[in-house]
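Chain naming follows the written order as A, B, C and D, and within any one chain the residues start at number 1.
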Amino acid sequence: MSSINRFAKQIPAHVLSNKRVGQYHQILLNIGDLVKHCHPGNFVAISVGGDNSGMILRRAFAISRVSDRGEYGGTMELIVAPHGAGSRWLCSQQEGATLDVVTPLGSAFGIPTEPVNALLIGGGYGSAPLFGLAEVLKARGCRVDMILGASSTPKIYAPLEGKRSVNSLKIYTEDATSGIHGRVTDSLREIIAQDQIDVIYSCGPMAMLSAISSIASSMDVVHQCAVEEAMACGIGVCMTCVLPVTKDDGSIAMLRSCIEGPVMDGAKVAWNLVGQGREVKA
Amino acid sequence: MSSINRFAKQIPAHVLSNKRVGQYHQILLNIGDLVKHCHPGNFVAISVGGDNSGMILRRAFAISRVSDRGEYGGTMELIVAPHGAGSRWLCSQQEGATLDVVTPLGSAFGIPTEPVNALLIGGGYGSAPLFGLAEVLKARGCRVDMILGASSTPKIYAPLEGKRSVNSLKIYTEDATSGIHGRVTDSLREIIAQDQIDVIYSCGPMAMLSAISSIASSMDVVHQCAVEEAMACGIGVCMTCVLPVTKDDGSIAMLRSCIEGPVMDGAKVAWNLVGQGREVKA
Amino acid sequence: MSSEFDYSTKLGTAWFPTPLFTASGCASSGRELAQFFPLKSIGAVVTKSIMLKPRLGRPTPRMSETPSGMLNSIGLQGPGIDAFIANDIPWLVENSARVVVSIAGETVEEYATLARRLRSVPGISALEVNISCPNVENRGLVFACDLDSSRAVIDGVRRIIGGDLPIIAKLSPDVTDIVSIAKGVVDAGADGVALINTLLGMVINIDTMRPHLGGKTGGLSGPAIRPVAVRAIYQVHEAMPKLPILGMGGVRSGRDALEMILAGASGVSVGTASFGNPHAIIDVQTELERLLRERGFDSLRSAVGFAHRDAQSAPDEDLS
Amino acid sequence: MSSEFDYSTKLGTAWFPTPLFTASGCASSGRELAQFFPLKSIGAVVTKSIMLKPRLGRPTPRMSETPSGMLNSIGLQGPGIDAFIANDIPWLVENSARVVVSIAGETVEEYATLARRLRSVPGISALEVNISCPNVENRGLVFACDLDSSRAVIDGVRRIIGGDLPIIAKLSPDVTDIVSIAKGVVDAGADGVALINTLLGMVINIDTMRPHLGGKTGGLSGPAIRPVAVRAIYQVHEAMPKLPILGMGGVRSGRDALEMILAGASGVSVGTASFGNPHAIIDVQTELERLLRERGFDSLRSAVGFAHRDAQSAPDEDLS
């Protein structure tokens, strides 16, 4: 634990651009040297509402991608869904605005040391961190397949340049407005078997992660999922973001998803106990 | 009372310009047809901090000037001192921003039906509404002298075009950085006597209004002052903005300065009882 | 409002076309808000707590803004019951407003006297009894903070009023056990309770380095206190599910009002929000109706206390 | 800090170089904040309330943001006293942090047992006794809401501790009369009081239409509650001017902390503000010192309770 958040800093970050992409906003921030310490799976916590805001807590967003090349030096990209007041405020920030960010936070996806067959599954804006992850996996010689799903097409985030870093991409929409009609888990067993998947990386709504976990466990596939629990502090001090996780001795521990996550071993999360069956509103 | 605030409306107003003038910001707002109902002495109440602001109360500002000519239609000008968080937020609003304003509120300066000799006294940003008043008085054939005072030059607001509408202008600064060294009340008795002043109009810090009142009363000069008490609602429903006023029978009433003011008869305010001797912080 | 949705509510025997009320002390006697909307379009105007004699109230400063809230220390400034009955009620009645009169006293006797004066005044829908006042006969201890004093006030008022007017006891949140106070006043004859009055607070002026308010302490209101209000409403509704509750404390939008309705309020008062937005009560009224309809309720009443029902039940099941 | 200004404070016999403390439950066991600043640079780390046994705490959701505040319902999740003594205290001591240990129990006996376990552990500056816990032996009524239970807990802890460690009783604002509770615990042996714990609140989720928190009710914290905290501090200091008070509740800037010092606090804990700003406590510490110096104080101690002095006195007169 003492290694986690070791490089986290609170810095002012300029908004370099803010573009609408489907239902989301793609926001590019100038974060300088911190990019060096950002890994796929890490997140950023942002103050919202400006000075004297009644919204006193930061909002968490997965780091979609970082780059240390380009005219502005180190940059970080976020994919933000305008959900409630805080994320809507963020989406309304124009080029030139300054944000108060703390990053990089939390655990990162574990990268295999050997080339393996990896399946990346994203739900909604959950695809955001997967493209950066795909690049890293490709660089390690992995085969990278990707499945994205959402209720409808505008909620699918799949940038052109991102598609280049994967070997295959399947899209599912529940309203059949694009790709396959249905959910990412509909043919998951078949895909795992056919493509000889060794490891699944996932990010998206908790219900999706839970469904993937049960399939992955039953087929003995490693499953690293980035969870999303409501977080008050994002830095491990408040205990609000906990998830029930099964320990080696079979007992349950409540682990902080901000600091002992957001990337967790899907097989260990006691999904049936999450929120005592009541789901956190995504 | 039922006539007051009869024309008040809550409207979105665009910021047409925001310029620094000394220590103040001169903010021009687009308020359309409402200008017709704005009179010198009236004020505007503005929401500050944006949506989800922790600052839940409006801030009050004297209407400095209105105009219904010009390319934008009806406009209103404010002179705002960056004092605390709310007024600083207002001063930071750029051209194009939209403000939530309620105006015109409160009582206006009474205009004499005959041509008289009027003395207008402003302290700090208190001069703001006096230039518009001077124009009205001149149009009625009055002689208009003006005295402005502040602790230091950057706190004197005296626009060039405004100076044209007065017969004479004296400036006092306490640090002697411009005009006469001292306070507006220093030679007030002499001025009243020499210039045969019939009525004094004043706007500024409460201590100044109180000092003017005692001189004006002792010399039997009418004194209309625009007071400044902390206001929670600005529309007469909360009773926070009260001032002790002596009634005809000699008893004291606590009148709401937002609706039975801000323009009050200086002779009737029981200055010695204001805040039981404790001044409201300006 | 279409005929399919029944937005009306009752507090005891009093009927109101909508559940939106002004909060006592936040609408003066009604006239001033009438510049912004017709008073008859809301459920009722709850007037500023009136006392027997005219009162000047506390010294200024009387307010201080705090994060998402404000402190006030008005000290019940008002014209006294005679002028109030002579001037304010007739004006409200003329303007077709429904009227809930809030009364406040310094002794049990004073409350009873106020009730006697109001008993036969036409045009009053209900009495709100503000018991968050210092009891001069009991070391200045606030009536609402003491079970026996609270009961004594309501008992005295009930005796005078008989069964004519609904009596709503307005309680303070500054107590260890608000449910026991609520039970006490109901037992003493209250037809409903108003929850909550302001929380006792203080701000120190860091320039003068002394308490900022002329009255030193003040009452905290506004969105900051909403979670405390919702909790109080929930607790009291849980203990007495049939008791009409007039909820208030930090409501500034339809969603806030909905929280209170679901927690158990039959009506909602909007106070401090009107200071920031003179149309707040109208906005809340419009949004609340929309939110209720969107959730499948066909009446306000079917939503009251819904948060207490077991998690499986849907609005439709409650329409029987 | 220059040598001319004495920023140190004392709570009972315990000395701290600055008056800034973490708030229990808002800094976990200290390690996590150490990524952002050295723990030894603040007055002390107040650890999350520890219980006898390991606890999983309440179901999620455990938090809800509210206007300028938040509700939490953690349910005292923690490793239990054994693991805490084995892992957390040694780490804090190694990192030169001053440590105030917060304890919580379900019975009077449990508090005493915790005190016994901690009595001889080296490196602890003081005990904060969190009595805002349900008393399983008294219908689940929160200790801090009952004078006798509050006294019993402190009495039990005091007997075990003897005169060794200062005992700070942490009180709940959810009471009718916080001064009487404060007097009670002081009488039972507390060396000081911590004011205030969270206010009981609730949020209804308007989508599920049920209480949002897994634990239904939660504790309200953050700037929203600051006026209530300042009032409590002012009242208790007025009643017992010599009693050390650790103030807390919504402090996020030096000016907020100054309000509490002037009201009567000898130290200030920063809780919720650290969630929005991991350096909040350092920022508060720096700004508070500046504000005190600007006002002519040459020590923190000369400013404690200054708002109670008569309006004519200036800081200089108190430096004798």
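Heads up, the rule we're going with is that a residue touches a chain if its C-beta (ideal position, glycine included) is under 8 Å from a C-beta of that chain, and two chains touch if they have at least 3 such contacts.
This structure is a prediction, so every number in the text was calculated from the model and none was measured.
Comparing mean CA positions across the assembly, the chain most remote from subunit C is A. Subunit B and subunit C have Cα centroids lying 36 Å from one another.
We define each chain's centre as the mean of its Cα atoms; on that basis subunit A and subunit B are separated by 55 Å. Centres computed as Cα averages put subunit B at a distance of 46 Å from subunit D. Residue positions of subunit D touching 2 or more other chains, listed in rising order: 67-69, 208, 222-223, 311.
Residue positions 52, 54-55, 278 of subunit A each touch two or more of the other chains. A complete topology is adopted by the chain contact network, contact being made between every pair of chains. In the complex of the two chains, the subunit C residues touching subunit D come out as 64, 66-69, 71, 145-146, 174-177, 199-204, 206, 208-211, 217-218, 220, 222-228, 230-231, 234, 250, 255, 258-259, 262-263, 291, 295, 306-307, 311. Every residue of subunit C that touches subunit B in the complex is listed here, in rising order: 25-28, 31-36, 48, 56-57, 59-63, 65, 67-70, 72, 74, 77, 205, 207-208, 214, 222-223, 252, 272-279. On the side of subunit B, the complex with subunit C involves touching residues 1-2, 5-6, 8, 10, 47, 54-58, 102, 229-230, 232-244, 252-254, 259, 274-276, 278, 280-281. Every residue of subunit C that touches subunit A in the complex is listed here, in rising order: 67-68, 223, 311. Those residues of subunit A whose C-beta lies close enough to touch subunit B in the complex are 49-55, 85, 89.
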